[in-house]
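In this document, chain identifiers A, B, C and D correspond to the written order of the chains, with residue numbering beginning at 1 in each.
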Amino acid sequence: MPDIVEVVQEIAEEMRQRPDRGEVATYIPELAGVDPNQFGLAVIDTEGHVAAAGDCDVPFSIQSVSKVFTLTLALGKVGDRLWSRVGREPSGSAFNSIVQLEYEHGIPRNPFINAGAIAVTDVILSGHKPREALGEILRFMRFLADDPAIAIDEAVAASEQRTGFRNAALANYMKSYGVLENPVDYTLGVYFHHCALAMSCRQLAMAGRFLAQRGKHPVTGLSVVQPERARRINAVMLTCGHYDGSGEFAYRVGLPGKSGVGGGILAIAPGKASIAVWSPGLDASGNSHLGRIALEALTRRMGWSIFGA
Amino acid sequence: MPDIVEVVQEIAEEMRQRPDRGEVATYIPELAGVDPNQFGLAVIDTEGHVAAAGDCDVPFSIQSVSKVFTLTLALGKVGDRLWSRVGREPSGSAFNSIVQLEYEHGIPRNPFINAGAIAVTDVILSGHKPREALGEILRFMRFLADDPAIAIDEAVAASEQRTGFRNAALANYMKSYGVLENPVDYTLGVYFHHCALAMSCRQLAMAGRFLAQRGKHPVTGLSVVQPERARRINAVMLTCGHYDGSGEFAYRVGLPGKSGVGGGILAIAPGKASIAVWSPGLDASGNSHLGRIALEALTRRMGWSIFGA
Amino acid sequence: MPDIVEVVQEIAEEMRQRPDRGEVATYIPELAGVDPNQFGLAVIDTEGHVAAAGDCDVPFSIQSVSKVFTLTLALGKVGDRLWSRVGREPSGSAFNSIVQLEYEHGIPRNPFINAGAIAVTDVILSGHKPREALGEILRFMRFLADDPAIAIDEAVAASEQRTGFRNAALANYMKSYGVLENPVDYTLGVYFHHCALAMSCRQLAMAGRFLAQRGKHPVTGLSVVQPERARRINAVMLTCGHYDGSGEFAYRVGLPGKSGVGGGILAIAPGKASIAVWSPGLDASGNSHLGRIALEALTRRMGWSIFGA
Amino acid sequence: MPDIVEVVQEIAEEMRQRPDRGEVATYIPELAGVDPNQFGLAVIDTEGHVAAAGDCDVPFSIQSVSKVFTLTLALGKVGDRLWSRVGREPSGSAFNSIVQLEYEHGIPRNPFINAGAIAVTDVILSGHKPREALGEILRFMRFLADDPAIAIDEAVAASEQRTGFRNAALANYMKSYGVLENPVDYTLGVYFHHCALAMSCRQLAMAGRFLAQRGKHPVTGLSVVQPERARRINAVMLTCGHYDGSGEFAYRVGLPGKSGVGGGILAIAPGKASIAVWSPGLDASGNSHLGRIALEALTRRMGWSIFGA
């Protein structure tokens, strides 16, 4: 088995030199202004060893990667009843498509497309004020990552809110079918804020450890979720975690993963490691271009694909 | 680790007793007449040990399970050029949907929906007569399963051909975009015939071994495919192998698998086992009802999920 | 030629007696509570003679019939530039469908589906406060109908606003494509209010006269629109005025017409008459059930179809 | 009223000089090779006067214009039962789209899109051999046009048959839903042949007279269809006759009309005239570019719009 520290260093160096860096998201100025030359990678194995390289300590906007954690919270809150509000099938369409909602009575296909994540946020919000729900999400992230410094980038949240008409369309559409319980503005407010979480690769890999370790939080030994639920969250990440590029990610990388438009990806090698990678440039499906390539290199060299050695 | 022989026996017994058996496919008389009370299960580990129970030696129509093997053959023939003719993303729609073809210029989403498998068949056919292509497929199946008795059920093939208007629509549609190279009737003829392969669970599990063993044929030690290709075929099975129930199968079973409308499923536990299950009754997505339940029980008891122990 | 006064009386009497009355819209209490036994009909010929019967003086919520008048106003304001914001093709889908918007970059298919009428409202609003825009619409209706008593039903408007999530989805979706210029809430506010105009059949037939008379306002002799524009508005009414029942209406009635979910229909016999009919029960396409039947009887008996005597 | 002979001459001259001529259809060599500089126009009023100009006697492939006549024949054969096999709503999609068929259980939206015309052809064929059905269609055209010289261009029919995979997809798709009764090849054979009718503008305008004259055949005085049916066929032409450009045609021209990919259009001014125009270049919706412009000029100068003087 190759040495993970060396592999991580090598990959970071290779990625630093590549000319193809994808296209940085431009829909809000806070993302459009990010330097595309950045690249970070952090791997934490089940014994807690960290291998990190590049811009692994630079915080970035985790955006949709937050959906893994809100799914976990919502499942903790309402259990399998969640699945009456959102499906768990790949969508076969773009992250922000509304077509599927019309054909399927306002029920989003899975918790990782925008509509589904908004429905999940609505579940977390229920019975709370937006500020309380956000507080709960933030505490959960700090606990998982064992880092009280994690915070929301308010400028990003404000920009999302100002320009998020497509998400408002999705939310209002679901509301018209009774899929959302709370006022649309409340649910969207919480959604825009948790997408604006700023975290480094190191923090993100820390937060994802429970999914690699049968649901256990390694520092406290507490069970974040039961082992079966950890497996199932991983399964949804594998089939739905990269929008309409999920098949491609499974084919090339072979790990459950969730991407965000900020260029971050959280990937899980079950029983082996929690991995976070970040490079701001995106591919045509809206997933980190170099992030995916780096993960492909990592799983190949480490033999970590879940589809066989 | 529980004893696999006992687990297989237990599951077969549990499935025998369940009252819920799904609905047998009715579109051709040869399938409509199959007794829904049948259930077979066969598991072959990487050392060649077989655990089998129930109707594990009764041949059934493998239907779309054949698509795993035609994909393997086509990749062997043209390599990654295959992916210009067919995608590898989940479709988000039914196995026989034509809508996606119109929106995506006649390129089917993946090799496991009907349109995709017809395109794959067209690749195998190219440069050959239908009879030769079928002979090649049949020899491949017999070699993989190490069993020269495997044959095509001609009555099933004839019925498919007589009633297969929806598949003819898909094929003609792709032909109009130049995605098929051969005469539509030739390609459909080969397609209907390889879907009519009759195999038992034991034979099917034997044929699938190379996908659990880094691409190696265990009897001869020959490489059927390179390890990376075996992983990738498994990845496509995971994301696309159960039509619009692929997410559900990943969520519950946690193994790459491919189902057929005859009630069979081939599932792969990479590095551990090749598994075939059969029960003719289908669920709403067209996948074997008890087959999926049996596989869920098997992976849970054996701890074989690829998404974590 | 049969006597129009007699024909109108006969039809009103026939409609009064029919047991099949369709289903009253139930999405807001103000519509759900309307008595389905009501029926009104008013016909005004080009010489100003009025033939009216039944509940022809009972005000009802004109709903989408208002879209004929807002289209007229918007064309007056920006002329043919309007057609860069909205198309003029039948939609082939339901009045509140959002699917087409996704496939056609946020441009609604025509000004008579909800999305299109919201876009038209946005054009009228531009440069004004919502209150001013509404005032302009109201003055226009009073001028056309020569009746200063026409008013908006504020209870209906408030209910629409409280429950109009689907329209909010459409508006936000278009806003995300830049098709709307004003704040979404402003545009929706004006839209919900002009749909809540309460008018009787007599008032509505009066308001529609210019479309039957080459664009002229008969009382003042002023030109509301040029003759060509009157023809073109009639053409859009014919092809798009009854949502996904437009073909059926053309086939059976043979007149340009626009329906509303309150059960009203305005129909135009060019060069002959302006016609308003009202019966609250709707058919499966959301158009007045008896209204359509009454108009079919009227055009047949009077020989008024635009498709031949 | 302007003199129709002069108007027709003027328009033909104007069209001859225009540089914008659209794009000739290229899917078969017989159409691709047609000279785009040709333009013909023929107008026949209800008294039998003919005004014709340009290439009004050059035969061209009438293609989908034939669908007006097959609809008439099928209605004569099975009456309103036809409407259980095909709808009469605009499709909101391209002439050869298959998407709508999937969402609406194989029932085409109207008799003028390809799928609908194939279903109509199947009705004419029922109980006959293809040769007999074709003979019936041909006799009907010769009778209507009072011209025994009308014939099918066999080279065009053969080319259509050789390349008509998209139509074969539509036909097989409908067959899978039981919407077609005859063997797919038979129905398609008749369809391809009647689309290959070669007629001049003069012949086509002659054939369309009954639709302008309350269903009467002017030469024999026989009733081709009842007046109500003539009106209804005109209504379907208005709403569906130009594929996804039907709204545009109604808006600009204001007459019922049916276009063909060969560049011909038949238009009806009810009670006034039957009009045929031909220019091979097409616009983006697949309708004759100059044909539509010529008809717009004609109706404006003659005041023939059905939507008002």
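In the analysis below, a contact is a pair of C-beta atoms (placed from the backbone, for glycine too) under 8 Å apart; a residue touches a chain by one contact, two chains touch by 3 or more.
Worth saying up front: this structure is predicted, and the values here are computed from it rather than measured.
Enquirer: Name, by label, each chain that touches both members of the pair subunit A and subunit C.
Expert: Where subunit A and subunit C might share a partner, there is none at all.
Enquirer: Using the contact definition stated above, find the chains touching both subunit B and subunit D.
Expert: none
Enquirer: Among the chains here, which has the CA centroid at the largest distance from subunit C's centroid?
Expert: Computed centres place B farthest from subunit C.
Enquirer: Could you state the distance in Å from the CA-based centre of subunit C to that of subunit D?
Expert: Comparing mean C-alpha positions, subunit D is 32 Å from subunit C.
Enquirer: Averaging over Cα atoms per chain, report the distance between subunit B and subunit C in Å.
Expert: 55
Enquirer: Counting only residues that touch at least two other chains, what does the list for subunit A look like?
Expert: none
Enquirer: Every pair of chains that touch: which are they?
Expert: So, checking each combination of chains, I get A-B, A-C, B-D, C-D as the touching pairs.
Enquirer: Spell out the residues on subunit D that touch subunit B in their complex, using ranges where they run on.
Expert: 97-99, 101-103, 165-166, 168-173, 175-176, 184
Enquirer: In their complex, what parts of subunit D are in touch with subunit C?
Expert: These residues of subunit D touch subunit C: 87-93, 100, 109-110, 211-212, 214, 227-228, 230-232, 234-236, 238-240, 244-248, 250-251, 254, 256, 270-271, 300, 305-309.
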